[in-house]
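Here is the structure we will look at, set down as structure tokens.
For reference, chains read A, B, C, D, E and F in written order, and residue numbers begin at 1 within each chain.
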């Protein structure tokens, strides 16, 4: 595959995961490093999310879990919205976080659940 | 629920996840701390895996992801076998690890893939 | 023990650790997931802090140390207040953070000490 | 070497790394724990940065990398400014963060790049 | 304090924490880097363990907790022996690890408990 | 750039970093997942190490630092050899690890230094 196609595939994935507003925010990265932006789109979304075998929803389960484990809570907000966009239910997300409590400890799970609560409220308001 | 039932529920889950050999190995914990053994069974398996909303296979996706992210590779071996037992395919596990490469970095993903390769080979032999 | 008693034991522990204001803040979790709230109280406080062998003050030494090591600084604030409530002195907390500097590195220790400074000031004002 | 000299050496290093404003902010630590402040200066800067074999710029490459890997983003801000002060270029810092993407995963690299963008903008304004 | 005294203080602390066999093993570091060996002794043991306010036993509680949280299991073995040497009981160590289960997750706690079991057995044999 | 070229660029970088023996070991990954092998070569080595602005030696400083911080000690062995291959001296590597002691804590630095000692001895023998 040419780099061109990898980038296009990544942009396509991002449209499925994120709202236009979120994508515009992300694209601010272009001003800091156009090369890094290209890498995020082509590799992070094109090469990884663009693959088969796992659905976008299954990939978000993996992404949410690793972000909670790493304590990467700013990124968690973005991917909680993506998870809802690709069809995970609130109940499944809550259950995922509870499962994490036993595996990464309560401090990170509690923080994740608090953030999930905010995102859930926000999505209700915009409905 | 009485503690008795939580423990029984945990034992039941463990029978679904692990072979008898693995369970016997785990039960060695009883000799070090019977209370901790009880907690692992009742909370770790009874309270968490025993819940609804997510299937055992979905829970193993979460467990594998957090173990890779933490670099907990000894535990990963046990849960790779459990993942296969509850119906995840080799292709899905490989795909999960590749997805992790972008989110936790290649060093841990490479190590996880090497371990997965060993477990896959082992399960072929025992067939 | 019945679940009922585990929950009651957890609530009792929380009254010893946290001010009413902090407990009310924590209870907001009920609105996001009543099951997770139940788990936090029954397991996190009832099953763990409710055990013998170690005092609440000794348990807070463990909790503070793991939170600093994980970089879980939001949770650290809550448990610094709890540590003071169950009898750890400011001098002991400062000493704990200095010890951590050698074991988890200065970046996390410096951040923890800054937060401890804020909590110490806050508790002086309320006196 | 006497402790006196270790402290003086540390203060000297800090003058090379940080602006007066940043150093004054750091010195607030004296009010929380004078002993910890002494340890930061004498050990963290005197004993470590004061050594030979690696330049200050090379040491900042190490420091930035470990801070990104740990997710210690508050400390990262301080050391991004120090890195620029001791001669690392923006291009080198961007390249370092991109390299980290493959080794610690994109979530932390993306967050680090966003912070670097802010620091770069800030240093342009003050020129 | 002169560096000489910091080193002597560190050696003195190490004699209280570790058996002669363990100390001889550690001293192999001198062959790789005499400067790093000096830093371990003077800073790691002299400056940190040599301070007041917390007892050696309390410091080992902190050290064990951070090692479990970091997954630094090779170092954990050494400090489990040290913890027993300075007066922590097996019951207290088991309780510490159980407390960690809730705060760092079961995978690391389970691994730590297994290692503690080995160390306990080993110390019984040498009695 | 076509994928073909990214892969070739990655293979070229790997020849500069690793001995033939190490590369053959790595290529075992092809048997587990040919796609992951392609990703490691094309992205991990082609896209990242193949870029300009930082030399291979500077990139190994970053790689060693993040591996020590993550506690990824199996990967550390491979990259310590690579670091020596691309021109870092033993003195620089020792200094890097000592610097890390202050930033990630002594446990991981001590373990890294022990491993470095083994690799240094091994390279002396093969001379």
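Just so it is clear, a residue touches a chain if its C-beta (ideal position, glycine included) is under 8 Å from a C-beta of that chain, and two chains touch if they have at least 3 such contacts.
Nothing here was measured: the structure is a model prediction, and the numbers come from that model.
Undergrad: Along the shortest chain of touching chains, how many steps lie between chain B and chain F?
TA: Graph distance in the chain contact network comes out at 1.
Undergrad: Is the contact between copies chain A and chain D built from the same residues on both sides or from different ones, judged by whether over half of the numbers are shared?
TA: Under half shared, hence different.
Undergrad: Tell me which of E-F, D-E or A-B has the interface of B-F again, with more than half the contact pairs shared?
TA: Repeat interface, by the over-half criterion: E-F.
Undergrad: Taking each chain's centre as the mean of its CA atoms, how far is chain C from chain F in angstrom?
TA: Their C-alpha centroids are separated by 40 Å.
Undergrad: Centre to centre, by mean C-alpha position, how many angstrom separate chain C and chain E?
TA: Between these chains, centre-to-centre, one finds 24 Å.
Undergrad: At what distance in angstrom does the C-alpha mean of chain C lie from that of chain A?
TA: The mean C-alpha positions of chain A and chain C differ by 30 Å.
Undergrad: What positions in chain B touch 2 or more of the other chains?
TA: 35, 39, 43-44, 47, 51, 66-67, 70-71, 94, 98, 101-107
Undergrad: What kind of graph do the touching chains make: line, ring, star, complete, other?
TA: Graph shape, chains as nodes and touching pairs as edges: complete.
Undergrad: Mind listing the chain F positions that touch chain D in their complex?
TA: Residue list for chain F touching chain D: 43-44, 47-48, 51, 53-54, 58-59, 61-63, 65-70, 91-92, 94-96, 98-104.
Undergrad: Spell out the residues on chain D that touch chain B in their complex, using ranges where they run on.
TA: Spelled out, the residues of chain D in touch with chain B are 102-107.
Undergrad: Taking the touch rule as given, give the residues of chain D at its contact with chain A in the complex, in rising order.
TA: Against chain A, chain D makes touches at 71, 94, 97-98, 101, 105-111, 113-114, 116-117, 120.
Undergrad: If you look only at chain C, which of its residues touch chain B in the complex?
TA: These residues of chain C touch chain B: 1-3, 6, 35, 39, 43, 47, 51.
Undergrad: Chain A touches which residues of chain C in the complex?
TA: 28-29, 31-33, 35-36, 39-40, 44, 66-67, 70-72, 74-75
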